[in-house]
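The data blocks that follow each hold one structure.
Shared chain: chain A. Partners: chain B in the first complex, chain C in the second.
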Partner chain A sequence: MTYQIGGRDLKSRFFIGSGKLPSYAIIPEMVEKTGIEVITVAVRRINPETRHENIMDYIPGHCVIMVNTSGARNAGEAVRIARIGRELTGSDWIKIEVETDAKYLLPDNEETLKATEILVGEGFMVFPYISPDLVMAKKLAKAGAAAVMPLAAPIGTNKGITCAALLKPIINEIDIPVIIDAGIGRPSHAAEAMELGADAVLANTAIATAPNPVTMAIAMAKAVEAGRMAFEMGLLAEKEFADASSPLTGFLRRAE
Partner chain B sequence: MIKLNGTEKPYCETIDKLLSENHYETKKIAVLVNGEIVKKEHWPVFALKPGDEVDAVTFVGGG
Partner chain C sequence: MIQQELREAEAIFQSHRTPVNREELMATVSKDFLNRADYLKLLAADDMEVLERMARRAHDITEQYFGKVVLLYVPLYLSDFCTNGCLYCGYSTTIDKPYKRKKLGIEEMRAEMEALKQNGFDSILLLTGGDRKRSSVQYIAEAVRIASAYFSEIILEIYALTQDEYRIVLESGASGLTIYQETYDRELYDKVHLYGEKKNYDFRLEAPERAIEAGLKHINIGSLLGLGSAVRDMFMAGVHGDYLQRKYPEVELCFSYPRIRPAGAVSGPEDPVDDVRFVRFILATRLFLPRAGISISTRENASTRDNLVGLGMTRMSAGSRTTVGGYATACSRPGQFDIDDERSVNQIVDMLQIRGYRPEFTNWVKGIA
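== the complex of A and B ==
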């Protein structure tokens, strides 16, 4: 079943970040085996001395390239990276990532909002990476963001859904898609994000640093699918006391 | 002198020339002069000035 995001019809609710991969050459196999349709990339200066393979040669043509603005320290720098990304790929999907805090890499929500306003005006599909703040998510939705990408935990920490109580209100209250990003270290984290009702999940570090990134990506993709299916069925509330799932064996003690 | 990706290089008149003199791959890259993108079709004719800051960028893996 397809769903709509950033003006496209997608099937997969799992997005992959391409940072730290041992080789770009595994990307085609990863895409094929997981069914992912969105992959993020970053923009960096070329170093002619260390000639690398170009990641663009390995991303299958049907994938949507989401350029991230990592390295930007303010809205102006994020806007410049977005324009470069569009120039290079023709893709208008941009993940706004503005970080000034080197230790926890937490996003600067205020600069992110500024960049979003400018880039929406230039016709971009803007995907802001934010700390899970409902008020900011509402402002971003109003500014025309294509989705919001609240973090589950700081980037690369593998801590999982540390703030469900802050993510759930965003999922419940805003009308644009919510993609849970960062901190997803295990398939169970990805499933939990989807059970909460997220529209999609993005993972990078846990996949890229696994001994076999393709296998880990498959595990994550399955978890995303499982979590989504469960969400669509409606999850049951917790109860204080047991509620027998087998019929009660009343016949055993009839004589008592 | 021209600053190419942060390093001082001998002056070249055009972007095309600057990139080839310094052995830069020109496929799938973007070029900025003083922070502004110069489209590829303008690289052979865009006149560089001494002191210009040129950045040549491309995509890498990133989350």
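== the complex of A and C ==
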């Protein structure tokens, strides 16, 4: 079943990052075996003149390139990188990533909002990567973002959904799609994100650093599908006590 | 101020007592983030089991922050004219050279850069000796302008400049600066720098900040390991980096670990750094500053460099010459120091791929920096 995001009809709800991959040459096989349709590419690393591996040569034509502004230190740089990215890739999907925190690599939500406002005005499909903050997500939606990409845990940590209590309000309250990005280390994390009601999940480190990245991508893609299927069906509520098959108050009814 | 930070670091260094027991060291390795005293503890930890634990952590942290990627760059020496008297250096005027010094002309620079571009390099390190007249700021700026037609990342390893001068090279297209304090021991610094502008310890110490204030975004620092007390110098370099990263979180910070090699008038290192200590220093820095780049040059041999892939290293030079020029035309003159890893760039690419790493040539696509 297809769904809409950034003005495109997509099937796969699993997006991958390319920055940390051990080789770009594995991308076509990964795409073929997982059905992935969205791949992020860091503008800073695209070199059309390179004599060595060029990522653009490995992304299948039907995939959507989501350009990211990694390395940007403020809104101005993110905007400049986005423009260069569109020129180099022909894609107007921009993931805004502004990080100035050297330890946890947490995004700068304020600069991200500024860049979003400018780039939406220039006709980009803007995907801001943010710390999970409902108020910021609302502002981004109002500014015209195509989706929001809140993190589940600091990038690369493989810690999983560490802040469901902050992600859930975003999923519940805003009308644009929510893509959970960063912190997804295992297929079970990806499934959990989808069970929460996220529209899609993005992973990079967990795949890139797995002993076999293609196998890990397949496992993740399956988990995303499973989580989504369960969410659409409607999950059963968790219960504090076991449901006894013979009701404890049955004797009261028997007495009638 | 950096001087104040180093004084505080000196107090930590003076109060450090060895040996620290293994249990405490293992607990330190497992901490989420290390403080300065922790960093010193690990730099000085003479324990192979602790080293193994450090290596595992360093491997995980490097993957988390950098992925399976190593950036390749190449150095180009523009000039070996120098007016400084540094006892440890092959360019120093304290030793008689059996050959004439040389400086690349504009056309020679173009030819060298063309040859390097043909090899696929996109990140270049331009070096000169410390001679403000023969390799003037204008000369360096011209070299940077020429280089910017070929390379997207241009890093300078030159004498310390003023902030205005850093702005000139920035506007010509430079993206970063490599500058080693050599030693953070003021007295020793004074002793090994006989004369010349480099004798000014503070002017050099504050150079990274002047460069950052001018707008350069990549800063590579380090100590010349073996010149003084190696643990102390490595500790101070780490503190210097930590200080820069806290003050300027937007800067891409990087470390180098030059070990003294036979060159200059100094016959051997004062405090030799063997492979075990060398690796320990790299691992400890990775644990202390997880996002800092770690650059390993061809001063180190092939086997050491290969084994450092995945243990913290994020940048390596390849196919290097330390002579002035030498890529476009063969050159048999001696360089600043001897090269130990003489493999070509293609051999380095193959080695990285076999180890499951992606050789990256572009750090910053043109127009971004």
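The rule is short, and it goes like this: the second predicted complex is superposed on the first by the 236 of 256 C-alpha atoms of A that agree within 3 Å, B and C clash if a C-alpha of one lies under 4 Å from a C-alpha of the other, contacts with A are read in each partner's own complex, and residues count from 1 in each chain.
To be clear about the criterion, contacts are C-beta pairs under 8 Å (C-beta built on N, C-alpha and C of every residue); 3 or more make two chains touch, one makes a residue touch a chain.
What you are looking at is a predicted structure, and each value in this text was computed from that prediction instead of being measured.
**Q** After lining up the shared chain so the two structures overlap, which partner does A:19 touch, if you call chain B first and chain C second: first, second, both or neither?
**A** both
**Q** Identify the partner contact of A:68: answer first if only chain B is touched, second if only chain C is, both if each is, neither if none is.
**A** In the superposed model, A:68 contacts chain B only, not chain C.
**Q** Is A:41 touching anything from chain B or chain C once the two structures are fitted on A? First, second, both or neither.
**A** So A:41 only meets chain B here.
**Q** Please work out whether A:109 is in contact with chain B alone, chain C alone, both, or neither, and reply first, second, both or neither.
**A** So A:109 meets neither chain B nor chain C here.
**Q** May I ask you to decide whether A:131 touches chain B, chain C, both, or neither, giving the answer as first, second, both or neither?
**A** In the superposition, A:131 contacts neither chain B nor chain C.
**Q** Quick one: is A:209 in contact with chain B, with chain C, with both, or with neither? Answer first, second, both or neither.
**A** second
**Q** Check whether A:56 is in contact with chain B, with chain C, with both or with neither, and answer first, second, both or neither.
**A** In the superposed model, A:56 contacts chain B only, not chain C.
**Q** Would you tell me the residues on chain A in contact with chain B in one complex that are also in contact with chain C in the other?
**A** 19-21, 24, 43-47, 51-52, 80, 84, 88, 204-205, 208
**Q** Hey, which residues of chain C end up touching chain A in the complex?
**A** 33, 63-69, 118-120, 122, 152, 217, 245, 249-250, 253, 289-291, 349, 353, 356-365, 367-368
**Q** State the interface residues of chain A toward chain B in the complex, per the touch definition above.
**A** Contact set of chain A toward chain B: 17-21, 24, 40-48, 51-52, 54-57, 67-68, 70, 80, 83-84, 87-89, 155, 182, 202, 204-205, 208.
**Q** How about chain A: which of its residues touch chain C in the complex?
**A** Per the stated touch rule, the residues are 19-24, 43-47, 49-53, 71, 73-74, 77, 80-81, 84, 88, 100-103, 105, 156-158, 204-205, 208-209.
**Q** Which residues of chain B touch chain A in their complex?
**A** 5-6, 22-25, 27-30, 32, 35, 37, 39, 55-63
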